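Shared chain: subunit A. Partners: subunit B in the first complex, subunit C in the second.
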Partner chain A sequence: MSTVITHHHAHHFYDKEQEASSAKLGMWLFLVTEVLLFSGLFVGYTVIKTLNPEMWKVASAQLDWVMGSVNTLVLITSSWTVALAVRAAQTNEKGEKNGQIVGLLAFTIVCAFGFLGIKYMEYSHKIHDGLLWGTKYFNHPDAIAAMKAGIKETFSLDVVALSDASFLKTLEAHTAAASHHGHELISHYASTVKYADTLMTVEQGHLFFGIYFLLTGLHGIHVVIGMSVLTWVLVLAQKGKFYKDYYTPVELGGLYWHLVDLIWIYLFPLLYLV
Partner chain B sequence: MSNHDAHHDDHHGHHVTPLWLYHAIFGGLLCLTVITVWIAQFDFGAANTIIAMLVATVKASLVALFFMHLLHDERLNMLTFGFGLLFVALFFLFPLVDITTRTYIDPIKENSSVRILDKEMEAQQAHAEKHKKALGKLSNLYKREFMAPAEGEGKAKPAPEVPAAAEAVEGQAAEAK
Partner chain C sequence: MSNTQADPGYELGQKESTNYINASKGLMSWLFTIDHKRIGLMYLFTIMATFALGGFLALAVRLELFTPGETIMGPDAYNKVFTLHGLVMVFLFIVPGIPAALGNFVMPLMLGAKDVAFPKLNLASFHIYVIGTIMALYTTLDGGVDTGWTFYTPYSSTIDSQVVMMTMSAFVLGFSSIFTGLNFIVTIHKMRAPGMTWDRLPLFVWSLYATAIIQVMATPVLGITLMLLAMERIMNIGIFDPALGGDPVLFQHFFWFYSHPAVYIMILPGMGVMSELITTFSRKRIFGYRAIALSSIAIAVISFLVWGHHMFVSGQSAYAGMVFSFLTFLVAIPSAIKVINWSTTLYKGSITMDAPMVWAFSFLILFTIGGLTGIFLGALGTDIHLHDTYFVVAHFHYVMMGGTAMAFFGGIHYWWPKMFGKMYKEGPARFAAWTVFVGFNVTFFPQFIMGSRGMPRRYYDYMPDSGYQIFHQISTVGSWILFVGMLVMAVNLLASLKSGKEASANPWEARSLEWLTQSPPIEHNFHEIPTVVEGPYEFPIATATANAQGAESSDS
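After this line comes the complex of A and B, so read on.
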């Protein structure tokens, strides 16, 4: 096991250094496209949040910050171990660190499974509560109860006493009235309109969960891809492919995994904390 | 061990980050995570997001510069990523300019465009009212000064059927006499 397979650079490169630096530049270009892909959703987040600040407060309170924090720690740890795996490959002379590379990559992949496990718990909880995007939002009685409590806490409006059916009916009626005759209503029934407006903003919560599922879902897909890439690198490392003169796949796989971590570093406070 | 590795690999043109630095960065990231969670329980209003984003950016910089080796890599990689971030900034800039300068159409809000339009219309109506009054005064004055001698009566009367232009000419002629 303590041997390495010597790498020969491809014929269209001058030497190993040029091959390695070209591959890395290509990886960075790819990472830029990834960042731009996510930035579309981040801009959507910004626009929707700015236009619906009250709704955001109520809806984002439904997320469990403890789970988000644990997932942050898991991802940071995996980022650290994958960086150490790259370093082990960089300093691997004659295959004496093959086992270390494999061990660190395996630990990273275990962390990734842990992340997905926690994400699964979060998702199933949200789905059970009916906290989903579009028209599915608000369909579950628990979700309605949570929203009533949220309205009471945030706006001191007691809608808890209403039955679920009449709550939804009121919500619908007030929303329709406010959107059709909002301007006339304001002068005559200021309090009614305020009530309807409150409900309207809270009802927009499906927008928050739309953004939540899109952002975390796209990120989750990246976690799965990163795991697959790292598993492939692990298998090659097991064979003794990586040593001080050739470790490009470990490094590029590591870069991808760090990007997954980078995105989460922004996702976590934006969704769970503010 | 790590010193030896670093020395050895510098010779080959690869920078190997010393182990202690990786551990320090990891420790720093853990601390910053605790800080960002802890600070979120205080309400700083609009500054909440800014503070959280500052902490996140410090964390992201640590990951990019040290874990992703941007600091000691070829400068072209940093330049490439930097240009990407520049375009992200542009992407954010234009929608932000839009939504932060837009007055949301919402009759509830004091500064909504519906309210602002109302106020503007009121102001315009008041202005028109003032104008009308001033015009009325002017026309009364005109009638008293220029039409009264020609008609031979004291008080101003409703305008006669003659067109306004002819009236004005008549007035001027009266003045000339």
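After this line comes the complex of A and C, so read on.
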């Protein structure tokens, strides 16, 4: 592994510098498009959270912040090792650092697998509890129970299901009383409205999980793409392709991986902590 | 040809037997080429085929509206036909149109480069475009969609039709557009020949640069929007559904955040072509080079801030409406800078009315009408009256077809000799251009009038005694005149491939670099990378000789 294959630039460039700086600019532009792709989901996040603040508070508390924190650490570590891999390629004089580049890239890819493993555990827990997207999938006894418990904890309110016969009777009685006697039962009526609000909170928990799965799912796809790119770079590094005059694929793969990390750095607080 | 030191042979009319067209043979040598010129040609023919498809759909729409009630198709078929017309014309024809076809061919030549920065990405962009096109056509055969090209929720998220497949097709086409834009930005930054400073870039290149910025920055938002719509239908996530706690107007915000900048993706390259045509056929240096160049960038920036003017009646706040209206008026400034500079370039020029210039004049007149009627729609009060009427239809056809399509055809005629090394017949070319100009006005001007009288857009039917029929009929007759013009143009151009006169390296005596290499160019564009010593529009001061030459070429 001490060989260096000298790189020749493509015919339409004047020299290697022009080729490398073109590739780097292209990559940065591509990263811009990636950020803008996610931006739509971030706007969706903001709008749905603003429209349903109580629901958001209760639903986001269902996420496991410990697992989220561990995953954040895993990704930050992987960002560090990929940066070291780029550095090793930049300072690779006679091919003596090929093994180092390969090792650092391999460690980064292992971190990515770790991230996906933890994400898999989180996902299966949510699927088990029925904490999913859309009313069709969210309408699960465990999901409803989890949301109700969350509401009791967050707002000190008991939630009664609309299908509960005694609750319906109370609601009807309050409504009838209010229409007959006017103002004197207004406080009872107000408490009924509060019940109805919390019921909405329970039912609309699916919106939070819709956003959660879209954001983390799209991010997960990017993790997988990043892993594939880094694996390809690793294979080339194994062949001794990268040295101080040519390391563009390592650098671009590293840039992409930093973006994948950076998006998670935003997702973690926005979904788990806010 | 004093502006460069390269390839003096071409000035003397010497030609090599091999060029990019005959350098290699066989279908595969085209389908998997990474030569920007071949990719440009493949784009050109595919895009013209989609334009023909969209055109036939438009003819069907116009024919249906000739009489009240059913003329040739029922209401469901009508809804699908006008939707498909919009989708084909927007996503398959006009968005990729000038950049991917003309830009791909000409831009590296104009820069004095051997190719775009990423030739393989360029080919990938074409392949993705073809895949997206096939998906769209397949969806059409598989039942089609009737949502209009805007896919507004909640209709698009609830009706039973092929919305998911169609949005995925637009999603795929978006990648093609992003790749072209990304490639062009890097090419313009990194691949310029020595001496080709930003001050010496042809204005077509400047406009492609501004376009590429919008392609790169707006298209991903369309991608995520269409993906959310698909998720809404497949996974029932409810983000656009008020019954589930979502917000249908959010879709409109997302959609127009892309689609308003996208109309500048459509018009900016057309403006770039205009700058080339006007200056070449006036034989005069362009007036206000820097103002035209920077106004493209200004349009690109402002284009991101005006999307709300599509939503004046969608329930956004009155305050937001005022801000969006103000910002919309701002776009008029850079647009007017361009029109005024082109007009000033014409002033005292030695104008020849060759076919490309006829198209350029059409643009100048039609785009001005289209732009000014946009002000009616950007004003809050008048928009409430004109919103969703034929006035809107007429306005954007004046800008998109009267603007972009005219520039596209002008550009095709201008660079045709360079692309194929053949001259088309000038007489039929001018006849076609004038016929299209007349047919266009007959088709779309009546739509302003009936729109201002309240005829809603997209409607299948109208009352026999409502007074709209005469306008619909004039408009339909106009569409037939348009068709004749287009047909003459197509036949004339295609015939030139077979029997056209050989074109010289620089038949228009233009000054930019693409005219320095032979027609058609050699495989790698230039034998030696040219060194640029002056700007692209350094025409000699108009003299008697120049006038005589102009008269001669217009007689041919």
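The rule we apply is simple: the second predicted complex is superposed on the first by the 240 of 274 C-alpha atoms of A that agree within 3 Å, B and C clash if a C-alpha of one lies under 4 Å from a C-alpha of the other, contacts with A are read in each partner's own complex, and residues count from 1 in each chain.
Methods note: contacts are C-beta pairs under 8 Å (C-beta built on N, C-alpha and C of every residue); 3 or more make two chains touch, one makes a residue touch a chain.
Quantities reported herein were computed from a predicted structural model and do not represent experimental measurements.
> Return fit or clash for subunit B versus subunit C, each positioned on subunit A through the superposition.
fit
> What is the contact status of A:269 with respect to subunit B (first) and subunit C (second): first, second, both, or neither?
Only subunit B; A:269 stays clear of subunit C.
> For A:215, select first, second, both or neither according to whether it touches subunit B, subunit C, the two together, or no partner.
So A:215 meets neither subunit B nor subunit C here.
> Is A:39 contacted by the first partner subunit B, the second partner subunit C, both or neither?
Touch partners of A:39: subunit B and subunit C.
> So, A:89: does it touch subunit B (first), subunit C (second), both, or neither?
Touch status of A:89: no partner.
> Touch check for A:204: first (subunit B), second (subunit C), both, or neither?
A:204: touches subunit C, not subunit B.
> Touch check for A:80: first (subunit B), second (subunit C), both, or neither?
first
> Taking the superposition on A as described, I'd like to know which of subunit B and subunit C A:101 touches: first, second, both or neither.
A:101 sits against neither subunit B nor subunit C.
> More residues of subunit A in touch with subunit C or with subunit B?
Larger number of subunit A residues touched: B.
> Which holds for A:18: it touches subunit B only (first), subunit C only (second), both, or neither?
second
> For A:133, select first, second, both or neither according to whether it touches subunit B, subunit C, the two together, or no partner.
So A:133 only meets subunit C here.
> Between subunit B and subunit C, once the two complexes are placed on the common chain, what is the minimum CA to CA distance in Å?
In this superposition, no C-alpha atom of subunit B lies closer than 7 Å to one of subunit C.
> Following superposition on chain A, which residues of subunit A contact subunit B and also contact subunit C?
Comparing the two interfaces on subunit A, one with subunit B and one with subunit C, the shared residues are 21, 25, 29, 32, 36, 39-40, 43, 47, 51.
> Provide the residue numbers of subunit A that touch subunit B in the complex, in ascending order.
17, 21, 24-25, 28-29, 31-32, 35-36, 39-40, 42-43, 46-47, 50-51, 65, 69, 72-73, 76-77, 79-80, 82-84, 87, 90-91, 182-183, 185-186, 193-194, 197, 244-245, 254-255, 258, 261-262, 265-266, 268-270, 273-274
> In their complex, what parts of subunit C are in touch with subunit A?
Listed in rising order, the residues of subunit C that touch subunit A are 113-115, 117-119, 121, 178, 182-183, 185-186, 189-191, 216-221, 223-225, 228, 231, 235-239, 244-247, 250, 253-254, 524, 529.
> Within the complex, which stretch of subunit A touches subunit C?
Listed in rising order, the residues are 10-12, 14, 18, 21-22, 25-26, 29-30, 32-34, 36-41, 43-44, 47-48, 51-52, 55, 133-137, 200, 204, 206-207, 210-211, 214.
> Can you list the subunit B residues touching subunit A in their complex?
Residues 5, 9, 12-14, 16-17, 19, 22, 25-26, 29-30, 33, 36-37, 40, 48-49, 52-53, 55-56, 59-60, 63-64, 66-68, 73-74, 76-77, 80-81, 83-85, 87-88, 91-92, 95-96, 99-100, 104, 106-108, 114.
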